[in-house]
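Following this message is one structure expressed as structure tokens.
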Amino acid sequence: MLYLIDEPMAEIGLRTAAGDPDAHVVLIQDGVYLTPDVDAQVSAVARDVSVRGVDLPPDVEPISYDRVVELLVEQEVKSFV
Amino acid sequence: MLYLIDEPMAEIGLRTAAGDPDAHVVLIQDGVYLTPDVDAQVSAVARDVSVRGVDLPPDVEPISYDRVVELLVEQEVKSFV
Amino acid sequence: MAYIGFLLTGGPFDSERWRTAYELGRAALDAGHEVMYFHYLDGALVPVADQSFPDCSDSGLYDEMPTAKFQELVADGAEVICCGLCVDARGIDADADYPDGVEVGLLPDLADILGEADRVVSL
Amino acid sequence: MAYIGFLLTGGPFDSERWRTAYELGRAALDAGHEVMYFHYLDGALVPVADQSFPDCSDSGLYDEMPTAKFQELVADGAEVICCGLCVDARGIDADADYPDGVEVGLLPDLADILGEADRVVSL
Amino acid sequence: MKRDVVVMLTRAPYGRVHVPEGLRAARGVAAGFDLHDVTVVFTQDGVYGAREAVDRDALNMTGHVADLVEQDGTMVADAAAMAARDVDEADIADDVAVWPGDRVAARIRDADHTLDF
Amino acid sequence: MKRDVVVMLTRAPYGRVHVPEGLRAARGVAAGFDLHDVTVVFTQDGVYGAREAVDRDALNMTGHVADLVEQDGTMVADAAAMAARDVDEADIADDVAVWPGDRVAARIRDADHTLDF
């Protein structure tokens, strides 16, 4: 399952993703400032990262909106934005 | 000095009030959910308290908007709302 | 008598700041003070006329709509100036959308309020 | 082809959610998917016509105004429905203020989107 | 198609329309053609709105809650969010069930669609 | 009357207009008839907007900052808010001074008026 996570809903969003062994977390909007401590694949929307000048940790992959749409068609999505 | 404090600006607001020996903190809007740890007189806007059903600690006095206006005319005011 | 200026940046439905601005202005007018509002950012949406909400509670926040509350204040002597850039950004047609007494201004009006007001409350 | 529904509750200047809704809808249309928006709460302010901001940067968020972005989506096949109660609450005159292709609906439209869409993204 | 829908109320209830208007959306969705199953979850600062002490009339909640219940919708408060805000189970209104945080998270994961306000 | 004005920028800079429009207000106030003294304070999540890495053009900040500096306005970042967000002094743009949290608080207390965005 894909989890779109921004800061205001990170509390419930990250807690929900943490219970899913197949979680793929996508940080979006101000969510790219987060450094989530989850045992899951973590990506971040590239445009939101670059405009904020955020340095992503090496294990967080920047992805395009096109890729987000591909991912959310391939699997279910829960939005916390 | 009067300090009007709501939750979103409580971080800078309470820190600013803490350095003022004559501070009078007025909790307003969602600020009435706060339990500030400051060495100052603390009041809370009565309407904001009652509609939220918040039980104020005994040392926090509920006050009316009329009283807030009296206080902010008597002394300088800084708003963190 | 004191001159109390308000900067209102909060919109009508997303925060309580317009309501607090109204209540403090109401109390200030009742106490004989001079009251001036500068509506900036989404604050420019607060006085837009013809707001209506069918099932609002008489006891609730929306017993009257934000524009009605500010029209009361204007009738009782408060001045209300909305930032023209913010008005244009939001597609508000000031002539058609604002009630009488709500003026459109610019930042020099805010600068004047800061220079002249005894107290300024930013909401 | 998938059917992707968006619930947009964020307004045009107070959060980035309208922009994210645009970008995801843009990408979905480009990939051949069906795209439907339900604008609720301040989301109803997003498509209001005649938004203008004089000195916005070509490279910035406001290279085009929110309404222009959503008019592009409509032209490319997205459907946009705004909640009528939210429209009325904000003093929006739908006939005069919304561009062609932006419809006014009610919550049963949102219920239908939930029933029919393969994916729903709430923003 | 009938769906299993979770509506998350995440914001403090007063001064903004998100709690009452989120409830309006929840009951509207529950009453639609497909009669979706709707669970309303009070989480994050939304748990303040699940308290007994809140004046539901003043928040325009009463009618929406009655309609939601009539459509067999349910209301749940997130105990993990309550604990973070020092809200006790005894503070929660009788018509709102208190669920542990992991049960809330599982419910959200299992939903067909979620909406948030 | 010429006043000593502090403008607080408290929100993360992207996706909402508060940082650029707060700067517009700051320079507008500094350029008014009274030529108020204006100090812009980046605090709370606003400190993200004081970072060198931010694209000021994309945030419509550039022109407002130039006008503010021309009016002798100053820009300050709150080190206490930076520390809470793991933002280092080296990350802050050259035209923004970094002040300790207590100096920022004292500056706010001493202002004739404050505005916040």
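Per-chain numbering from 1; labels A, B, C, D, E and F assigned in written order.
Going forward, contacts are C-beta pairs under 8 Å (C-beta built on N, C-alpha and C of every residue); 3 or more make two chains touch, one makes a residue touch a chain.
Every value quoted in this text rests on a predicted model; they were computed, and no experiment measured them.
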item: Neighbouring chains common to chain C and chain D, by label; value: E, F
item: Intersection of contact partners for chain C and chain E; value: B, D
item: Relative to chain F, chain with the most remote C-alpha centre; value: E
item: Interchain centroid distance [CA atoms averaged], chain A/chain E, Å; value: 25
item: Centre-of-Cα separation between chain D and chain B, whole angstrom; value: 39
item: Chain A-chain B separation of Cα centroids, rounded to whole Å; value: 37
item: Multi-partner residues of chain A (each touching 2 or more other chains); value: 29-30, 48, 79, 81
item: Sequence positions of chain C contacting 2 or more other chains; value: 13-14, 16-17, 41, 85, 120, 122
item: Junction residues of chain E, two or more chains touched; value: 14-15, 17, 55, 58-59, 114, 116
item: Touching pairs among all chains present in the structure; value: A-D, A-E, A-F, B-C, B-E, B-F, C-D, C-E, C-F, D-E, D-F
item: Contact footprint of chain E on chain A as seen in their complex; value: 1, 8-9, 11-12, 15-16, 18-20, 78-81
item: Of all residues in chain A, those that touch chain F in their complex; value: 7, 29-30, 33, 48, 50-55
item: Residue numbers on chain C that touch chain B, as the complex places them; value: 2, 4, 16-17, 20, 23-24, 26-28, 30-31, 33, 118-123
item: Chain C partner contacts - residues on chain F that touch it in the complex; value: 1-3, 5, 17-18, 21, 24-25, 28-29, 31-34, 36, 112-117
item: Interface residues, chain E side, partner chain B - complex; value: 12-15, 45, 48, 51-55, 58-59, 85
